C-alpha cells in the first residue's frame, strides 16, 4: 500500500486523485494546493487531508508524490520530493527551461528516487497496441511515421503566454510519441508554423498551426502536425509505415452510432478532448507507476524522456527561427 | 447510502459486486452464495460479509437486494426480498416459467417494493444513444428494425439443457430491445430455427441459429437473428430504418488500430463477449437502479418488461413448433 | 460477331443498347419499340436501324435478341425469338404469371435456344466477389444470410399497379440472390409486410415494406428486408454468416470523400439508384451472355432461375395472406 | 470531330488510345512509336494507322496530338506539334530540365496553340470532389494539407536512373495537387529523404522515401509524404484541414466486401496501381481536353502548371542537399 501526497487540485489533479483513490494498492493521503478551497474540495471527495509541502514531504508515511501543480512549480517540488526520498510522478514538463529541467534530473539522480514523467499518451490503449505491434515487427522495419494532433479549440490567451509555446506545451507529447514509436533518437528536425487560428496567439509570440519533420540516423522519417483547433473534436491519430505494411490508430468516436440521412452518412465525432480521450490512459499510467514502485523497476517514461522531448521542442523553435534543419 | 445484500458470487455476481462497491451512494454489505468459498472470495475483495438469506433479509440495515444467483432461485429470492420490504435488482429472467414469473410479480406488486430486471443492453452507451435519437425523431417514424445478436461460442451443453432454450435464454435480450426501440408491443411473431453449430445442442432439444420476425399493430416490422457462434467475436448490432433515414449501432472494436498489409486492411474484432462489451452497461444499469431508489421513481425496466419478453419467447417457441405466425 | 436486335428503348433499354454497342464482339443492328421516336433516338445514337419484330426475327443475320420491353410483352417475344432460333437475353421477369412463364420456358426448351434472364445483381462486382469467397469456403458452411434491399423512393403508382406487387417486382431480385448465394433451394418461406411509406400503395393492393424468412432443407436461414424508400440512397447490402466467419458486401459510396465538421463525420451516400449502382453489373451481364453464346455454354442465370424466383414470390404472397410458413 | 495523332504506344499510350477511340467527339487516326510493332498492335486495336511524326504533323486533317512517348522526347514533339498548329495533350513532364521545359513553353506560347499537361489526378472523381468542396468553402479557410502518395513497389532500376529522381518523377504529381488544392503558390519548401526500400535506388543517386513541407505566403502548410513501396496497394490519400472542419479523400478499395474472421475484420486493399486507380481520371482528363478544344477555352492544367511543379521539384532537391528551407 503506497501513500500518496498530491500537489495540485486542478483539472488534471482531479483525474489523478480519483485514479489514486480507486487504486487497490494506493491511498491518497494529502492534497496540497495554493488554493486552499480547491485542495479542500478534492481532499474531501477522496477522504484525504489538506496539507502543506513541508509537512507532507517530512512525513515518513508518505511514499510517493504526484506533482500536478502549475508548470513553474514542478522542478522545485520534484527536487524537494527527491531529497525527501519519495518516489515521484510528475506531470510534463519538468520545466520549460531545459537547463532547469536537467538540473532537476541531476538532483533526482543523486537521490536515487524513482521518477516518472506524465507522457500519458504512451498508455492510451490504442497507441499502446500500435506500439506493441510495431515492436513485434508487424510492419517490418519502420520507415515513416505520421502523427496528427489537433486540439478542439485554443487555450485561453493567458495560458498561451505562460505555456512556453506550442512546441513545448503541445507538440512535446508528439515528440515523446515519435521517440517512443521510432525507438531511435531523431538526429535532425525541421519546423514550419503559422498563426492561422487566432491572431492573438501570434501577438503573444506563439504559433497555432505547426508541422515538423524528424529524421533518425538510420533514416526513419517522421511528420508531425499540430493545430490548436479542430471543430470536429480532439484529433489524435498515428500512422506508421514499414516494409511489410502500415499500422494506424484512429480517433475514438463518441459512440458507434451512425445515421444515414438525406445529407450523407453521419458518424460520431471523436471524443471531445484529452480528459475523455485519455481517461483510460491516465488510469493505466498510474497503474504503471504503482507497479514500477512495487516491483522496484524503472518506469517506461523517466525524467530523461522528459528532457529529450524538451530538447526536440527547443530545436524545433530554433529551426523555425532559422529556416534550417537543426541537428539534435 | 444504500446497503446491499447480493445473492450470487459467480461471473455476473462479480461484476455487480464491483459496481456496487465502487458506487459512492452504495455499500456492499453481505454476499450470499451456495458455494461458501466463492462467497468468501468475493466478500473479501470488497470488504463485505458472507451471510445467509434469512439473516440478510431480516437485517433492517439492508435496503436493497441484488439477485445474481442461478435462474431457478430468482423467483423465490425476489418474493422473499419483496416480503422483507427490500428494493430488488434481479438478473433476467425472473423465472423460465412464465406463470411462476407472473406469480412472483404479483407478490412484488402487493409488497409495493421497487423491482428492476437486468436487461443490461438498454444501458449500453451505443444502444442508449440510438434509442435516444429514435425518440428524438431522427429517422422519423420507425418502419423496420434489425437486431443481430451472435455469441462468440456456444455455452456448455449442461448450461444449454438448463437454459430454457435459445429464445428464453439468449433472444430474450433482443425481445426486450425490440419492445424498447419500437416503443410499441408486437402483435405477431414468427420464428424459424436450425441446429447448425453443434448437433449436441439439437440433442439437448434446443436450436443454435434462429431468426424471428415481429410485427406491431401499426405495422412496424422487426427482424432478429441469433447464433450461438461467431468466430470473429461478440456480434451485437442494431439497425433502425424510418421515413427520414436509418440509424445503426455497430460493434465496439478492441481498439482503433488498423493494419494494412499484403492480405488486406485488417481492423480489430469486436470486444470478445458480454463481460467486455457490456461492462459500461452494467455500471450504468446499477447507477440507474440506485438513482431510481434515491428518487423514488420507477426504473425504466421493471418486472413487467421481464414477463413481456418471456411471453415473446414462449410465442416464438410456439411459432417454431407450428410453422405459423403466432398472435401475442 | 453477334448481331443483336433489341426490343425496348426505355431506361433499361438505353443501358443495354450502349453495352451492346461498346462490346467488341457484338453489333447492335435493330431497335424495336412501340414508341417509334424512342426507337429512333436510341437507334441513331448507336448507328442501328429501327425495325419491327417480324422482320427482325426473320432476318438470318440477327443472332441474338435482347428483350427490354414492358413486362407484359416478355413471354410473347421470348417465344417468338425462340421459334426464330435466336439466342435470347430477357429482362426479368419472363412473366408475372407463373404458368405463362413456365409455358414460355417450355417453348424455349423445345427450340433449344440459349436463354438468359436479367438478374443483374449476380454480376455486381461486390456481390460476385462475396459469392466467390462463399464458394471458396471462406466462411465455412453457410448458416445465415441477410439481404437488405431498399429503393431510394417508391415508383409511380401506375407502375405499382402493373408491377405484380413488391414480391414479384422488387424482392424477386433478392430471391434470386438468396438462391444463388445459398446454393440450395429454400423449402419454406414466411413473409410479413406493411404499408408504411405511402397509403396509396396500400390502396393499389400492394405493400411497401416487407420482410421474408427462407429456410433450406439443410437448415440455412435467410432474412430479406425490402422497403420502397431509403432517403439516404439505394441500399443494397448482403451479409453471410458461417462456421468460420462472416462476409458482407457494403453499399458503394458516391466517392471516398469524408467531411469532419461540428456535426459529425459525414461520408458519402450510396450510389443513388440501380442505374448507377449496377452500371458495371449490366456490362458484365452482357459480357457473360455474349461469352456464353461464343462458347456454347449455358449462362449462369437461365430461364429456370427466373421461374424459381417467381415461385418464391408467389409463396411469399401466399404466406402473407395466410400468416403461415409456406412450403416451396 | 477531332482527329488525333498519338505519340507513344506503351502502357500509358494504350490507355489514352482507348479513351480517344471511345470518345464520341474524337477519332484516333495515327499512332507513332519508335517500336513499329507496338505502334502496329495499338493502331490495329483501334482502327488507326501507323505513321511517322513528320507526315502526321503535316497532315491538316489532324487537329490534336497526344504525347505519351518517353520523357526525353516530350519537349521536341510538343514544339514540333505547336509549330504545326496542333492542339497538344502532353504527359507530364514537359522535360526533366526546367530550362528546356520553359523554352518549350515559349514556343507553344508563340504558336498560340492549346497545351494541356497530364496531371491526371486532378481528374480523379474523389480528389475532384474534395477540391470542389474546398472551393465551396466547406472547411472554411484552408490551414493545412496532408498528401500521402505511395507506390505499391519501386520501378525497375533503369527507370529510376532515367526518371530525374523521386521529386521530379513521383512527387511532381503531389506538387501539382498541393498547388491546385491550396489555390496559392508555395513560397518555401523543405525536403527530407532516405533510402529505405532498396539500396540500389541509393546507388542510382535517388531516394525512395521522402517527405516535404510547403508553406504559402498566407501561411497555409502542406505535408507531402512519398514512398516507392506499399505492400498493401497504391496509397493515394489527401486530408485538408480548415477553420470549419476537415475533408479527406480515402483510397478506393477493390470492392466493398469485408470478411470478419478469427484474425480480425479484413477489408479490401486499395486498387493496385495507377492504371486501376486513375482509369476514370484518364477518361475525364481526355474529356476535358476535348471539351477545351471544342469550346476554345484554356484547360485547367496548362504548360505553366507543368513548369511550376518542376520548380518545386528542383527546390526540393536543393533543400535536400542543403538542409535548408528553400524559397521558391
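Couple of notes before you dig in:
Labels A, B, C and D are assigned to the chains in the order they are written; within every chain, residues are numbered from 1.
Here is the rule we go by: a residue touches a chain if its C-beta (ideal position, glycine included) is under 8 Å from a C-beta of that chain, and two chains touch if they have at least 3 such contacts.
In this text, all values refer to a predicted model and were calculated from it rather than measured experimentally.
Among the remaining chains, A is positioned farthest from chain C, on the basis of C-alpha centroids. Two chain pairs, A-D and A-C, are compared here, and A-D has more C-beta pairs in contact (counted per touch definition above).
Looking across A-B, A-C or B-C, the interface that copies B-D in more than half of its residue contact pairs is found at A-C. Centroids of chain A and chain D (each the mean of its C-alpha atoms) stand 42 Å apart.
Look at where the CA atoms of chain A average out and do the same for chain C: the two points lie 58 Å apart. Residue positions of chain A with contacts to 2 or more other chains are 230-232, 235, 244-246, 259-262.
Residues of chain B touching chain A in their complex: 22, 125-126, 129-130, 133, 138-139, 244-252, 254-262. By the touch criterion given at the top, residues 230-233, 235, 253, 259-269 of chain B touch chain D in their complex. Per the touch definition, chain C reaches chain B in the complex via residues 141, 143-144, 146, 148, 150, 188, 190, 192-197, 209-211, 213, 215, 219-221, 223, 225, 227, 229-232, 235, 241, 243-246, 323-325.
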